[in-house]
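There are two complexes below, and they share chain A, which is joined by chain B in the first and by chain C in the second.
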Partner chain A sequence: MKGTAIILLVLGTPLVQAATPGEILASYRAEATRVSPGYRPSVAQGAHLYGRQFGVSEKMPACSGCHTARPSQPGRHVVTDKAIKPLAPTANAERFTDPAKVEKWFRRNCTEVVGRECSAAEKADFMTFVMEGR
Partner chain B sequence: MHKILVWDWPVRIGHWMLVGAFALAWLSSESEAWRLVHACAGGTMAGVVIFRLFWGVVGTRHARFASFVRGPGAALAYVRGLATDSPPHVVGHNPAGGWAILALLGLTLLSAASGWFVYQDAGGTWAEDLHEGLSSMLLGMVLLHVAGVLLGSLAHRENLVHAMFSGFKQGPAHAAIATARPLPVLVLLGCAVLCAWWFAQ
Partner chain C sequence: MNTPRMLNILLVCSLLPLSVAVKADDLCLFANAPPAYQAECGSCHIAFPPQLLGAGDWRQVMATLDRHYGDNASLDEAVRRTIADFLVGHAGPPSKVGAGGGAARPGALPRLTATPWFTRKHREVPRADWSHPKVKTPSNCGACHTRAAQGSYREREIVLPDGRRWED
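Let's turn to the complex of A and B:
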């Protein structure tokens, strides 16, 4: 019974949390502005973050390693060689529509590639760049 | 009461393979660099469980489902009995432990299956969330299983963890299994390797 309840809860979660990329970006922007009032999301900062060779993980030094230099293009996992759907919402409408999922993957991938969790400002910059659909 | 052989080789090797693979899967669960290892660990677990289902029908006496799957009433009576001065002693899996085994096997299969869908990018967020939920439930079941083993060890003053290494437990001579069946371990390993390979495709 408890198991069933947990599964139902898990299955119901994505339906409840649907959002648009713009709404998710706005919430990161608002959070970043609380920390530093003059903050404005920057495509250039996002592009820099996206392409930067952090070198923290030997196999996964940069976002662009798996997601390619262009977020609108399909990527390839450097370890498993599995295809990765494009990050850009213009090329893949499923991207950035579930705040919990966005937060989960920022946490996982920032921890591994950047070596720490990303700030709200970094997330907003990253999203601003990716949403350009280059 | 004598020191008798209870757990055959496939049961023991399979058990510790599950322990190792689950630990590896848990430790690698948050990492993309370890994603291939994670999938192989999950495949190994699926392979061991598939073999165990088959071994539960054709294996040695105490490995067979028919010898340890009891109703919920028997399990409750056993747990209540642990608190008394003369706790009921069972040579193989006790009735409560039997339910833990079934839950562990079932959750492992479901967790591995949902993980396969995630790895194939076939189930979307749905499969991701299901896989995380099932794996957390499996971890909870493992902790409950370990707690039960420690409780049983104390109640019977018998090291049940050691028994899962050596295969020997205390019991009447007639309850012993005749041989430890080393050869089917090759089938177990083949099954695990095949599943690990298949999961990584």
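Let's turn to the complex of A and C:
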């Protein structure tokens, strides 16, 4: 199976390992499909997650709070004011090329903003939206 | 009021990495830093100079990364330990920096911006500069120290948020 091969490629190597955004997306998609067969990544769902005001954290209510309303634009950390490079791979080629880094930030940012870890489907939706480069 | 004095007091800059094309004293504050330090502790704010907080305070910061000043900075254990060892090993002497106020309120974390040393060094900085919208928080060192991200805090590099240079 193609999906399994990609998962092995992406997750089978513990150290910093270069991957393409497409490969990382494919591995989240494969994981989501295992949980709910028939799952397809959705730009609309991804955009919703990206912009939704969760209100779980007073200072960090939404992903767009730090990453701005548009993934192709540079952002700023809402508390520290540190500049954040664009999330869209079309604007910043470093994005979504290190599976461990991607996992780490999904874990941290979803925990803070959403109040729990994001599911594989949510990660795939988010990436699909962000990779459009709007 | 001069940078060399601060360097004398706080730093032992013996083992400088000489590779990169940056002046040696810029790297002083990050001498011996493992690559993980900049990568992990320089992503949400600049990587702070380890010398500006005491060892006990760094231990507390590094033991509570999942509840990090209202954010989540958790790391896997191997990386966490590497960074903790570096910070504790290069911490400032408590007699010079003092404590970061972590124990003052239960649950509060120490801040290098709350040490007696930091307060003293910045007592001539006008209140208006701290409350300038570009500063946001005292830990935003780069709002005034233009080369803070490189670990350099020399006086001639200071540009206050309204564009004034610091000269006195």
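Please note the rule applied: the second predicted complex is superposed on the first by the 118 of 134 C-alpha atoms of A that agree within 3 Å, B and C clash if a C-alpha of one lies under 4 Å from a C-alpha of the other, contacts with A are read in each partner's own complex, and residues count from 1 in each chain.
The rule is simple: contacts are C-beta pairs under 8 Å (C-beta built on N, C-alpha and C of every residue); 3 or more make two chains touch, one makes a residue touch a chain.
Not measured: the values here are computed from a predicted model.
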item	value
Comparison of chain B and chain C by chain A residues contacted	B
First, second, both or neither for A:108, with chain B first and chain C second	both
Partner chain(s) touched by A:59 [first = chain B, second = chain C, both, neither]	both
First, second, both or neither for A:98, with chain B first and chain C second	first
Touched partner set for A:80, first chain B, second chain C, both or neither	both
Set of chain A residues, in rising order, touched by both chain B and chain C	57, 59-60, 77, 79-80, 82, 108-109, 111-112
Chain A-facing residues of chain C, complex	43-46, 69-75, 134-137, 139-140, 142-143
Of chain B, residues touching chain A in the complex	30-36, 39, 119-121, 124-126, 128-130, 132-133, 137, 200
Footprint of chain C on chain A - complex, ascending	57, 59-60, 77, 79-82, 104, 107-109, 111-112
Residue ranges of chain A touching chain B (in the complex, touch as defined)	3, 6-7, 10-11, 13-14, 57-60, 66, 77, 79-80, 82-85, 94, 98, 101, 108-109, 111-112
